[in-house]
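Order of writing sets the chain letters: A, B, C, D, E and F. Residues in each chain are counted from 1.
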Amino acid sequence: MHYPLGTVKRHIQRAERGAVEQLGLYGVATIHEAMGRLGLMHTIMRPIYKGARVSGTAVTVLLHPGDNWMMHVVAEQIQPGDIVVAAITAECTDGYFGDLLATSFKARGARALVIDAGVRDVKTLTEMGFPVWSKAISSKGTIKATIGSVNIPVVCAGMSVQPGDVIVADDDGVVCVPRAMAAKTLETALAREANEGDKRNKLASGVLGLDMYKMREPLEKAGLRYID
Amino acid sequence: MHYPLGTVKRHIQRAERGAVEQLGLYGVATIHEAMGRLGLMHTIMRPIYKGARVSGTAVTVLLHPGDNWMMHVVAEQIQPGDIVVAAITAECTDGYFGDLLATSFKARGARALVIDAGVRDVKTLTEMGFPVWSKAISSKGTIKATIGSVNIPVVCAGMSVQPGDVIVADDDGVVCVPRAMAAKTLETALAREANEGDKRNKLASGVLGLDMYKMREPLEKAGLRYID
Amino acid sequence: MHYPLGTVKRHIQRAERGAVEQLGLYGVATIHEAMGRLGLMHTIMRPIYKGARVSGTAVTVLLHPGDNWMMHVVAEQIQPGDIVVAAITAECTDGYFGDLLATSFKARGARALVIDAGVRDVKTLTEMGFPVWSKAISSKGTIKATIGSVNIPVVCAGMSVQPGDVIVADDDGVVCVPRAMAAKTLETALAREANEGDKRNKLASGVLGLDMYKMREPLEKAGLRYID
Amino acid sequence: MHYPLGTVKRHIQRAERGAVEQLGLYGVATIHEAMGRLGLMHTIMRPIYKGARVSGTAVTVLLHPGDNWMMHVVAEQIQPGDIVVAAITAECTDGYFGDLLATSFKARGARALVIDAGVRDVKTLTEMGFPVWSKAISSKGTIKATIGSVNIPVVCAGMSVQPGDVIVADDDGVVCVPRAMAAKTLETALAREANEGDKRNKLASGVLGLDMYKMREPLEKAGLRYID
Amino acid sequence: MHYPLGTVKRHIQRAERGAVEQLGLYGVATIHEAMGRLGLMHTIMRPIYKGARVSGTAVTVLLHPGDNWMMHVVAEQIQPGDIVVAAITAECTDGYFGDLLATSFKARGARALVIDAGVRDVKTLTEMGFPVWSKAISSKGTIKATIGSVNIPVVCAGMSVQPGDVIVADDDGVVCVPRAMAAKTLETALAREANEGDKRNKLASGVLGLDMYKMREPLEKAGLRYID
Amino acid sequence: MHYPLGTVKRHIQRAERGAVEQLGLYGVATIHEAMGRLGLMHTIMRPIYKGARVSGTAVTVLLHPGDNWMMHVVAEQIQPGDIVVAAITAECTDGYFGDLLATSFKARGARALVIDAGVRDVKTLTEMGFPVWSKAISSKGTIKATIGSVNIPVVCAGMSVQPGDVIVADDDGVVCVPRAMAAKTLETALAREANEGDKRNKLASGVLGLDMYKMREPLEKAGLRYID
């Protein structure tokens, strides 16, 4: 379904809340693996401060280069537990978002912003504890002249995001779990993590992955040879 | 006015001290807005540690790729409250500046270095509390073979800087306020900040920017439409 | 000597332990200078957390884009005091290394990883105190399908590294000291540092580098002129 | 709809042939404008030779870094008039495609390849007249170890592409027209071009855009002022 | 002198025509050397087609990201022999300029465009023989919403340009010669080229630069040593 | 073996001439495959003009950022059939090489230059038919102040090169074949190309790689499934 520019979709189907919260207990790397090694945004997306891990449901916004007008439009569509995912119609690093918008987003219940552009007032945002993943930090101000869309499918930092999808973000980056895959991904992540503790203990005691994963034979078959 | 390479200007007209100090009370984003959205250096310029905010008057230096000889020449021209702005005649990321030069600059009263190249000894500089905004961290040493100029107009990270201009830098980047615009920029920044607290309170209470800024009508006129 | 892909060299000659430890007392910038301004990896190599400084002997591994199989092979070759240096046969930012491998490397006595690609689980690695210098942070998982080599000469981030060479890394970057040059480099670094304290005191007291290094005459000869 | 990795969709609905051909008569810039300034891939996507302009229907393929196995799978799904759109699950510049695959694709009726990675044998491809838009030219060979998918929705160079969509590419870049918007986009492009000739003649005769587009008044209202 | 945004300066002092034409006889590299190795724009500025060499007087324009409104304003200020130099207030690669604007600029007598952003319709521009130096080729359309300035000092691709300065551009890049330095630069370039032919003949006959430039002694003094 | 900076090695062992010439009959992609997918320089290395293919024996030179003094030293070490491989001790894009040096190199019998930096006078070099692979085109002039080395092992664009190794370069990039591997690589390339013609004919007739390479079974085993 394609929407003309200037569309705001008010009602979206959000991923089931319980799954969202539980997915947030896992790191981005684990969820990405559980999805079959899919779902990651570009590695250029970095958090403005370290240590945050969030999960939430995506509300999406499509903006134009140097124009943050739609940020105010998307604010109204935020529900508690959402993460705003902002895409731009062309490459741009301008500072679309600062402390005032963060105050508004936070008041609406947003947990974070993921933006394929720049952000400013990062010291204040850090003090507020409002995490942002962005590709730039920039003071460059934006105008309010052209309309975009809200809650339509977007491509943010190379990843397709539908409104209502689950976003998980931490120091390792940002992953998008499509709403329909949330339950299954959670299940896989759970299974994947189940024996991690055991593996970690073995490796910590000096057991080699070569033995634990029984790699010696396949490596030899692949042609690996040891010399002195 | 164009100066041949190898010129050191001893007497420059610095921006008025009071304005410099007061501009330092505002963040880079605010000052950039107060200047009519001008004055920012490229976003690639990042602080070597977080949390610093400085303002000062620019003493400028133009250096060659891989050659930091003029750093010692500019040191003599520093007066307390100055910020050294270093431009290079071609793209370079070498480490022009480390703890010894920082000790010297600090002893002369410099508040910071802004350099369109690399810097090293960043751990020591952080411990010294001497902030640097640069585009790279690099241990690469430089030579002392070719002369450049001091206190001439330079382009640093895409921004034109005249000696005596006001430099303000923080986690959001670096802005240059031309000396002649310092007073007016301060005035505008002051006015701009005056009602920020009120706006922030409203937004924090859940009022939307859409209503506070009366954007609903212009958005509708621009063609925005809501669907369910 | 050229080894076919798929070679693991078990016995390598490591740099003398005492020299390795003592080189670790100096920063990367100092050692790079002591080597005649050589040995640095690209400045894009950054630590996943600030403040670490390590020295160790290189065990090397050559991997393919998106394939971390050989990480398990190199683990077995680690001896206490080693630093793993990982090179990739083509440009890649995938996350080759996370908390499980770090647990294994640490158990084997590795002090750090230097990798010309990406790393993940950086929060856990930070908590473990296992430092990594990499060019990206990426959750992207890798496969185990193609063999590479271990303990052969590699090029990592633009620098040639032989197994057994000394690696020193800190906030300023990564430097490689060839095994045969370790003793001489240490000696030069020592001499270089010897009078640093004296220089620092002079500069801190306001003495100019222009005078301390007797630069005024050569600068004048080079054509520098002062104007008012 | 989400498909697990390893899915090949055999039957896709292609955009109507007539519209595809007619869209190919317009340049990428015109079509992008006709779509409301949407649909462009990143500007890093460049043709391997100048002067080609193609239009066709997208068959899509999702591959892994350094693995071109699925290129052979997608070849079977090509129908005359198709353009292969290749996306990679992570950043990669390896050479996924050369003269043998081009021979195969051409024999199947493909008009071009658009790939968010590298390509090789560019001299031969140029001689064959088989155009490729890619982000890199690289000889780096790839393996055949991991399955991906064919004819699923992909994100290529920042743009979402569904199988069957219209791709138009020329020296200005690559644009994707969703199948459902092909007819309308064509209509808009036609209208847009209708009076271009007239405009061009006026401008060529020296009439200014300021007058032809009646911009003087809005510019004055916006605050533009002339000085001497 | 600082002008507020929204200023169009109608009367500028252009460099003397004869000097402009003669400077155009030399390549960019020669002129850059004649200026004392100054004046070059960033190397990212590339011509849209090979083989063009132009010289002209700068008319400058400052635009906003994604907004080409001022391109129509600057068109009116073009006089025969001018080159338009376009700077943007922030990083942007959008396509500000295409065949219609080129038709207009050409009709006004412009010789080229130098723009720190993107350009489109490059095939048509090539056929028209209207050269452009830019940092990107992009179909991305721009809006007309915000005013900038014309014929004020700008920074374009890292180089300061005053209206009326001489711009020379060829396959090697773009150089700006300040108006006041045009005559002297021409003189130096002339002298520099005078004995180039002689040098070229000697080198072509096998004479080494080592001997022609008498470098053996200084190299030996610098410590160069030959081994077998 | 490590050489101090400032060493010029006069006698190097060059790869056998016959092998060098024959390797030049194959493209870079083929040779890279024949080496086991090794040997490539970074893809950022591009030819200054299209269509050239050269092979030759490496004479190496290590230079400092912004300093091309050693270019004159390496000129003397060139023998007919050599290719100069220039590495820089840090990231640099300056124009180290222009038409005068090209005249000298050509007179000495050099076939090409491969440089991990910039080059200028590209129009003249193209007319001379002297090919250069570089990572930048830049007019930026260099100085002659610091000595480097000639005919020592270097890392150029990420690849280790020993003096006397075989360099092959074409539109697909640059590959280095270690001298000791030249004969074997040639043999493998020959075998690899032997049945290329047959494969090409089959693919051109519409036979699929899926069938020609018998991939259907392994793909199915890997889990590939077809849907409608």
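Following the convention adopted for this analysis, contacts are C-beta pairs under 8 Å (C-beta built on N, C-alpha and C of every residue); 3 or more make two chains touch, one makes a residue touch a chain.
This structure is a prediction, so every number in the text was calculated from the model and none was measured.
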Touch-network distance, subunit A to subunit D, counted in steps: 1
Interface composition of copies subunit A and subunit E: same or different, split at half: same
Length of the line joining the C-alpha centres of subunit B and subunit F, rounded to whole Å: 42
Chain centre separation (subunit B, subunit E; CA means) in Å: 27
CA centroid of subunit C to CA centroid of subunit E, Å: 41
Centre-to-centre distance between subunit F and subunit D (centres being mean Cα positions), rounded to whole Å: 31
Set of subunit C residues in contact with two or more other chains: 37, 40, 43, 64, 89-91, 93, 138, 140, 146
Chains grouped in pairs wherever the two touch, ordered by label: A-B, A-C, A-D, A-E, B-C, B-E, B-F, C-D, C-F, D-E, D-F, E-F
Touch list for subunit E against partner subunit F, complex: 27-29, 32-33, 37, 40, 43, 46, 50-51, 53, 170-173, 175, 196, 199-200, 203-206, 208-210, 213, 215, 219, 222-228
Of subunit F, residues touching subunit C in the complex: 2, 4-5, 36-38, 40, 42-43, 64, 89-91, 153, 155, 158-160, 178, 180-181
Touching residues (chain side subunit F, partner subunit B) in the complex: 64-67, 89-94, 138, 140, 143, 145-146
Residues of subunit A that touch subunit B when the two form their complex: 3, 6-11, 69, 71-73, 75-76, 93, 95, 98-101, 103-104, 106-108, 118, 120-123, 136-141, 144, 146-147
